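Paired with chain B in one complex and with chain C in the other, chain A is shared by the two complexes that follow.
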Partner chain A sequence: MNTTLNQPTVISSANEPQWLLDRRTSGSQNYSNLPVPAAKDENWRFASVLSQDIHAFKPAPMPNDDAIQHALSHSTLVEDPIAEFIFVDDHLVQSKPLSKELVDKGVCFVSIDEAIQKHSDLLEPHFLKESTRLGSQKYFGLHASAVKAGALLYVPKGVEIDKPIAVYHWSNQDKGLICPHTLIIAEAQTKVSLIDVLASTTEENQGCNISVSNIEAHPSANVYRKVIQNFNSSTLSFQLDSATADRDTQLENIAINLGAAKARYENQIKINGSGAHVTMYSLSVAEGTQEFDQRTLQTHNAPNSVSDLLYKNALFDTSRTIFSGLIQVEEGAQQTDAYQTNRNLLLDQRADANALPGLEILANDVKCSHGATTGNIDNDELFYMLSRGIPHRVAMQLIVLGFFEEIIEKLGSDSLAENIRKLLEQKFASKIKP
Partner chain B sequence: MQSLEITNLNVSIGGQPILKDFSLNIPKGEIHALMGPNGTGKSTLAKVIAGHEDYEVTSGEILLNGESILGDEPDEISLAGLFLAFQYPLEIPGVSIANFIRAAKQARLPENESINAVEYYKELYDKMDALKIDRKFTARSLNEGFSGGEKKRCEVLQMSMLEPEYCLMDETDSGLDIDALRIVADGVNLMRSPERGFLIITHYQRLLDYIVPDVVHVMYDGKIVHSGDAELAKELETKGYDWVKDSFVSSTAQ
Partner chain C sequence: MSESIINEQEEAIKVDYEKGNFSFPEDYTYDAGTGLSEETVAYISKVKNEDEWIKEFRLKALEIFNKKPMPTHWASKDLENIIFENIRYYLSKGQKPSRTWDEVPDDVKETFERLGIPEQERKFLAGVEAQFDSEAAYSRMKEDLEKEGVIFVGSSEGLEKYPEIFRPYFGKVIPSADNKFSALNSAVFSGGSFIYVPKGVKLKQPLQAYFRINAENFGQFERTLIIADEGAEITYMEGCTAPKFETATLHSAVVELVALKNAKIQYITVQNWSNNVFNLVTKRAHAEENAEVKWIDCNIGSRLTMKYPGVVLKGRKARGEVLSIALANDGQHQDTGAKMIHLADETTSNIISKSISIGKGRSTYRGQVHMPKHLKNCKNNTECDALLINTNSRTDTYPAITTRGEGNTVQHEASVSKVSAEQIFYMMQRGLSEGEAMSLAVNGFVNDLLKAFPMEYSVELKRLIDMEMEGSVG
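Coming up: the complex of A and B.
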């Protein structure tokens, strides 16, 4: 059953626990005091995202009915979610709660707002506790000071949820700031899948997103988290993601990046137990003057675990991408398998793909690889397709979609994969000329 | 007029002449074999006919059913009725055989029509069965990780799905073991029709044991130097290409 909320919940700091007030204050200070990142910072090499003036963006009031209706009718990417939240400008406008059966088992899926009031004990060990290590500490600070939207998903030991949970975040107000937060706590022997969708209600509103997600995967937990970023081309976006994987966990991250003027994506995973298997996949389509700036960190603190990263970008026009990744294998993390691959497909000579792969290995018995390739469409491949009568435009589409298929097929849901293919086709339609 | 007709074709690459006053006429209903040593211009001929843009055509004509196709885009030439089975089929990551052939068939329909999926898959499966291609291959990326024989069978599958009027087969026999050779030959023989012409380019005679040609041409240094019936292929196999050089080339040498 869907509930449309007429009365927005109002955040009142007076009702917040002290630990949270402290973290908000510290965030606020970090935002004010930390310098704007400079191009000489290693974590910001090649990035131009830092030139944006974040101060101009403010949290927006409750949107009007038209905006809400637009958001509700377009929140369709995930078919048949088991539970769902839809936020517009950080206001929860619709929720589909969990089934009674799952609630009775102790599963908790509540808005951050509600979690602050009712589940302080679940939040305190993790919520806003650790900032990013990948450069956006200043912006994490702003998020910490302002966050009220998003979801807490808590899955108690032994509970498996087969269908995905969906959370939509819509940016609506011009100069509006949204700070979505996703916290997934998966206790031992659990299975859960959550999909975040970030988008804009209009083509014009210039929004700013600073979203943070955090996954805590306890022993033998299976956690699948997908995030689809499809803001309009005026929006500025920061996604600051982190995950901690304990013993024998399966953790899968997939990021689909299509929108925003400039999108900074930081994703760090930490493996603290043996037998963990962590994957990090990303697909980005850059066009016009878009910039996708991606920084990743795979830290292995425990032996016998696997992390596998594959980031693929297709670049049109004068767009830019930056991939900077680091694999850190700590002393004692023997028998680690860690991989990092970045592949860029340049569809315009003016586009610019930068890759900075890196390794830091303190253990002596590991299998690690990193690599980056940047290439154009192969003319022989194109000739082969044309020689079958396939028109140039269709051939290009097939080649670019084919390039991404490796990521799309990992989405694990036929309907979501099909919806993502459609989004990609829409994006190419205007880009690939006959 | 119902023929693929090449007249006095001169083609260079990087200023180096490859085809020299090359002429050949393949009427519908006939299978022609083009044989010759490596480096004599056979594959260049196939690519030029199919519209590859890397070659410089300095003079001559290529007419498909009387219409010039020289200078046309490869997709236009394909839609006009020509099919080239590649010597080295390309691997297309992430594009399944089913989607690839479907896009090619879709291109043959009027804009507002789309493929009937049920009929399409029935036809695809029937033709895959005939070529002994596992049905599971439909979902696999085109040619990616295929063996040499699988790639060549996939070329013949595409050819039979697209039903061209003229088929150019560039060294389709290379890399095939005897079983695969038979399967490929059966596939071609099934397509043999008064409405279709074939040019089979090959270095060896063995494919022609299974696909019996109407005419055999011997190519040397950019042009056809001798033509005959199916027996010529056998003679060539016994006597070797030196025989061609001695009998037909030295006499015409300047």
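Coming up: the complex of A and C.
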């Protein structure tokens, strides 16, 4: 290894198109040249300083059979997906392709690797085109230079897919870097749902995830995207999501964050057409010394659209959460309804919740509001349950689950909701003292 | 809206706004020239006959000022338009604060007359201290206040005559290094009020001071320090008007309040600088056990105002409150807010901010609420409401809230709205013009906050708001 540690070599398969090579090179330059984010940067306010050196994480080789078996047998969160990819350390280890019927209709669900070779024309307008605006430009650069795993989902005009598509990304190698990418292009009058699951194969391996997802919703498209992050507690995770919503689209984002030592979630949506309805929901449970750093941006460029954001966090132990959101209503985007709500439930007096809800409004005929609350469990509620014979531990659990139920019921799938409730219960079991 | 109605409205709400738009020939006895250097600071200190420690305090602050970068990584880029070399940092009539009205020079008297500090108001108010440029030109206290031991003096006089009272707190609530502009103020401060209210003394009437800027390119750097001893109560009012000038002027004040155990301080500001003034003010209070500090802040004028009054809640059961109204018209940016730093159990704070943006005006709320982890049962409530009048008006909200600890609750709510068409229609149907209806709706929006102001201020504010609303509709 020579001294170019700071210069990650651009990964390129033999026949990558020129546009992609250019984007990879510029990403790699951004990664090397941009400074490490400092607390002074508004986009990183309240975030703790990165203790790990990202350079230490490297893409991992093909994992061994045990790891693959573990990943395959645990990829069960989504029941009965219509198509599925399972990646371990960015290597595709199993895929369930789309039915012939859907393929015939022109639906395309392929790995990013394959898409680069076969669907360059679909990728070019969107893939790695725009970096995040929320502070992680440096890490987006690293993703752009290294990405090879993930999925391209293209749904042609008028096609509706009722069942969800699932993509699992497992982190296995210690000091391994994974760069999952999800690109959803939904043409007009389509309906599609995709679930990304991010997790670790072991409890120990210290991985680093820099995932990027991008949704392009064309007029009247219905897109549901859920992402469940449940890495082990030593992993470092960055999720850099963005979406563009055109006229009359229905776009629903749900992010569930349970794992990782430090997880940063950036989500930006841009509404470019009127009549769009965009929702962004998130549920996070922080314990131990976990830190969840959430940055959101809702940009309204067109009139008569709705965006609604609700981020709920429960905090145990000495964990920290940071919610920083901004609603931008541009000039001319009249009759906008934009909401932003952050609720933090402090379950330990050492926990630390930070809220930075922001508004930038340049149009006058709008309904915009934001609210942020932080508090403890209501003693009256607890007393009520205790007085009816419910043990303390169960009462606490009920209250916390009830706090999250608002998000869980938005998942839209009973089996998925049930699986998430189980994950939450597992997480609470050790936390809520008898 | 037809022209006749506008005229009618103008007649009805004649405010002495243009009266502030004048200036007298500049014949200053002491003038530190333009630009800022160690010599300027030493010169100011020499003219004021200050003790060595004050001079050192100033020079140290200057050093900090030069080192600190502009806070443009979060604040408006407009700050870059301040050219520090072109500003005059000290001017004075070279006079001692006068004790009787006869000693006040005639042109200064005339300025006050036009500013509208009438004789009868002086009688009504407990003590009047009006500042003509840098030095307090007139300063009088009612005898009974003096008897009670209340000290109400200018900053230089306070440090010279009562160092044992003011020195322990001077620069302690807001250290020079707090921000670039507090450092600037610490280096070149002159004028302002130092007030001490002894134990248990409750002032029934508010103390009042007017500040003016009267020389082109002249920054005003007044320094205010109010100490309310245990159980004392005081209300202080500060109103600002400034004549209009071609080039931008800078106003950068530092206001420190100290409320000891069980004390109450209410600080009321009406800011109506002309809209070429940069108004960059640092205001902060310390509230000890069971003390209460209330900032009532109204910003109507200036080109850019950056002001975030804060309360450091140091003692158990201390209370802090910020009520603010901001009105941003074309070419104005009102960047205001509040800071509440909870440092003791059972402390409570309340922030209510209402802003109105007219035309291309921009109003911003920036707030900070901090509750560290060892605290119990602290509460904060924040409400920010913004009203946008025209299609191209702008409003921003940037709160920052940190909560830890047990039994602490924080709630923040913000909303943005416009005057509803139904409301306007209803009022017009009953014979009001569109402009009148709009003014009424806007006044209704801020009405509950206006009530918190003393009578004469709330009347004046209503008029000012009416005037700002002129021509914004129709």
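In this section, the second predicted complex is superposed on the first by the 420 of 434 C-alpha atoms of A that agree within 3 Å, B and C clash if a C-alpha of one lies under 4 Å from a C-alpha of the other, contacts with A are read in each partner's own complex, and residues count from 1 in each chain.
Definition applied: a contact is a pair of C-beta atoms (placed from the backbone, for glycine too) under 8 Å apart; a residue touches a chain by one contact, two chains touch by 3 or more.
Note that the coordinates shown come from a computational prediction; the quantities given were computed from them, not determined experimentally.
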| query | Should A:L21 be classified as contacting the first partner (chain B), the second (chain C), both, or neither? | reply | neither
| Dominant toucher of chain A (residue count), chain B or chain C | C
| said: So in the superposed three-chain picture, is A:N344 touching just chain B, just chain C, both, or none of them (first/second/both/neither)? | reply: second
| Is A:P357 in contact with chain B, with chain C, with both, or with neither (first, second, both, neither)? | second
| field | Which of chain B and chain C A:A429 touches, first, second, both or neither | value | neither
| field | Touching partner for A:A39 - first (chain B), second (chain C), both, neither | value | neither
| query | Which partner does A:C368 reach: the first (chain B), the second (chain C), both, or neither? | reply | second
| task | Quick one: classify A:F404 as touching chain B (first), chain C (second), both or neither. | result | first
| remark: The shared contact residues of chain A with chain B and chain C are none
| Touching residues (chain side chain C, partner chain A) in the complex | 73-74, 373, 376, 386, 388-418
| chain B residues touching chain A - in the complex, by the definition given at the top | 50-53, 73-75, 77-79, 83-84, 86, 89-90, 92-95, 99-101, 103-104, 106-108, 141, 158, 162
| field | Residues of chain A defined as touching chain C within the complex | value | 40-42, 45-46, 331-332, 334, 344, 346, 349-376
| note | The chain A residues in contact with chain B across the complex are 378, 380-381, 383-392, 394-395, 398-399, 401-406
